[in-house]
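Naming follows writing order (A, B, C and D), and every chain is counted from residue 1.
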Amino acid sequence: MKTSRLEAFSDGVIAILITIMVLELRVPQGADWAALRPAIPKFMAYVLSFTFLGIYWNNHHHMLHAAERVNGRIMWANLHLLFWLSLMPVTTAWWGESRFAPLPTAVYGVDLVLAGVGYVVLQTAIVAHHGPDSRLAEAIGGDFKGKLSLASYLIAIPLAFWYPYVSSGIYLFVACMWLIPDPRIESRLK
Amino acid sequence: MKTSRLEAFSDGVIAILITIMVLELRVPQGADWAALRPAIPKFMAYVLSFTFLGIYWNNHHHMLHAAERVNGRIMWANLHLLFWLSLMPVTTAWWGESRFAPLPTAVYGVDLVLAGVGYVVLQTAIVAHHGPDSRLAEAIGGDFKGKLSLASYLIAIPLAFWYPYVSSGIYLFVACMWLIPDPRIESRLK
Amino acid sequence: MKTSRLEAFSDGVIAILITIMVLELRVPQGADWAALRPAIPKFMAYVLSFTFLGIYWNNHHHMLHAAERVNGRIMWANLHLLFWLSLMPVTTAWWGESRFAPLPTAVYGVDLVLAGVGYVVLQTAIVAHHGPDSRLAEAIGGDFKGKLSLASYLIAIPLAFWYPYVSSGIYLFVACMWLIPDPRIESRLK
Amino acid sequence: MKTSRLEAFSDGVIAILITIMVLELRVPQGADWAALRPAIPKFMAYVLSFTFLGIYWNNHHHMLHAAERVNGRIMWANLHLLFWLSLMPVTTAWWGESRFAPLPTAVYGVDLVLAGVGYVVLQTAIVAHHGPDSRLAEAIGGDFKGKLSLASYLIAIPLAFWYPYVSSGIYLFVACMWLIPDPRIESRLK
């Protein structure tokens, strides 16, 4: 299977996810400010998830672009990642609708950590297929950001049952960390 | 018509299906564990259907990739397959929401068997267009997995009215059987 | 603008339409046959609209494939066609939910006739851009099927207020007429 | 990153947006004219937003087509534009459902102005990457239409609290202004 095919399918799924999320932002009941107020936490959750999906699209694209070939294991690792990403519209909507209540905040974090693990699994499968001395393996290096993200989520999830706003802040911090463009793969490829 | 066009359209439809299914996973009403519990069977049904659609995407891609040309009959056989796949979001949601009740379990199986028949019809149309001595016809061979799947569904559907959990287990078994990557077409192409 | 771009966008929109229509097939309330019964007319309407969108995708693809270049007028004529097609999920759902009641049957026909007119407008814009002596203009010829479809819709719409089932039968007849593959453009291109 | 990738992703998102908007056009409750009446303002809002998304797709395509290379800043400026466009299904539905009430009319305008600003930011990022003497920078020129659109929105938003119909008319005027094909980039490229 060609890399381009997997890229196109993944891009398609992420483009659909990032777009249908808006369908969970229900139309306010009524036409005044009071009707708009309950939409605010949901909108905030939407902004964060839009950013996360944008980050995944960007990093996923760079990684697959650096890959040269794909096997069955990579294909299923990729679908596994897309599975956890595909839950984001629902976990986001629940998180926002509950106004960042403990359980939904934790569940949102569980989805983030499983998507993060899915990304690492995919990365490992691609590196295994290209060899530890490949350009890609070098470029990924220690993957400090990836490890810090997973660690942050693992702290935020139990914390959500006591301090859900702190956990929400941790998710925001991780997104900001990734928004800074990742020079690892790009610079090595030059 | 070029094969690439049919591939792109089918990939698009499957990518959309696998993604919009999540919209049927309604946001839980309430923010506690009690609100989350009814979502569990629906989530399990979602996992299985995501896997089935992933399998179809993978096999469909391999088959169309091996094909060299497309005619009107192949195009309509392909749309026929996509039709039964397109019902999966609804049959999945009904199956999960009913907590695997008899009728929804049977209906889910009917959708699976019709998609399976649609796949065989498409395969037959492609083989007929390429000739029985083509690389593709050889690669498909006896299609043991395909036949076993259809037979399993045909047992599971009537069984669902007495033992819906057994039928559900049969669907799970078929998915697991296909998750093992299919070396038939791939190996012959080498 | 390249033809391929317009083709890809249109294919994308039609693939999404044909897929999201299923979201209007609501999950039955309850798990028995009684719950399934109200879904039957909606399912029948869904089958017909899936077929119509498949026909549009096929014919649209052949027409754009025969085209060599695109201008602003063609682009907007194409968006105009997509607009009427984009209403099909809603008109279909209303038609099916009402069990083919007079007004929804007429409205469904109005959408079909406007999509049909949109197709003719697009065809005319493409022919005008390529010249009346072009391969495409020849291939389209008298467009007997297109004219018969529009005439059938125009009879079916007023008839729907007295005999909605007859109008529904006319829509079915038009779909069947188009399901027979259109040899006009294909054969001329050879 | 190649321009084609960004184009494909953006085209995908816009194709999905323009299509899922129809899901907010709820199926009328009942099968008579009275049931259809509340759908009319929503339908009118839908027509306008379909047109706006068509305009964005067209202009965005021309701009990215003229671009030769993409960097991280352009990629995020593009996602920022897509974010505001992705809210259009919800702001449109609220605007139409409220029958063009003051607050929803203003919110619809806020979404339009932020999408417009997002477009300008993207344009600026692309020009900055290609240099002020590039073909693209020349082609954009003074961007009179873009500035007039933003100014119109900024007048329409506060006005909506007193004369929402006048504001709605201003949105309609901006759409009509853009429907006239934009010869700037096209003509310069020749």
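FYI, a contact is a pair of C-beta atoms (placed from the backbone, for glycine too) under 8 Å apart; a residue touches a chain by one contact, two chains touch by 3 or more.
If you're wondering where the values come from, they're calculated on a predicted model, not measured in any experiment.
Traced through touching neighbours, the fewest hops from chain A to chain C number 2. When the CA atoms of chain A are superposed on chain D, the rotation angle comes to 90 degrees (nearest 5). In this assembly, the chain whose C-alpha centre lies farthest from chain A is C.
Two copies of one sequence, chain B and chain C, touch each other mainly through non-matching residues, since under half of the numbers at the interface are common to both. Once the centre of each chain is set as its mean CA position, chain A and chain B turn out to be 27 Å apart. Computed centre separation for the pair chain B/chain D is 38 angstrom, with centres defined by C-alpha atoms. Of all residues in chain C, those that touch two or more other chains are 8, 12, 16, 20, 23. If you sketch which chains touch which, the chains form one closed loop in which each chain touches exactly two neighbours.
Chain B makes touch with chain C in their complex at residues 1, 5, 8-9, 12-13, 16-17, 20, 23-24, 72, 75-76, 79, 82-83, 86-87, 89-90, 93-94, 97-98, 101-104, 107.
Looking at the complex, you find that chain A touches chain D at residues 8, 11-12, 15-16, 18-23, 25-28, 31-33, 36, 47, 50, 54, 57-58, 61-62, 65, 179, 181.
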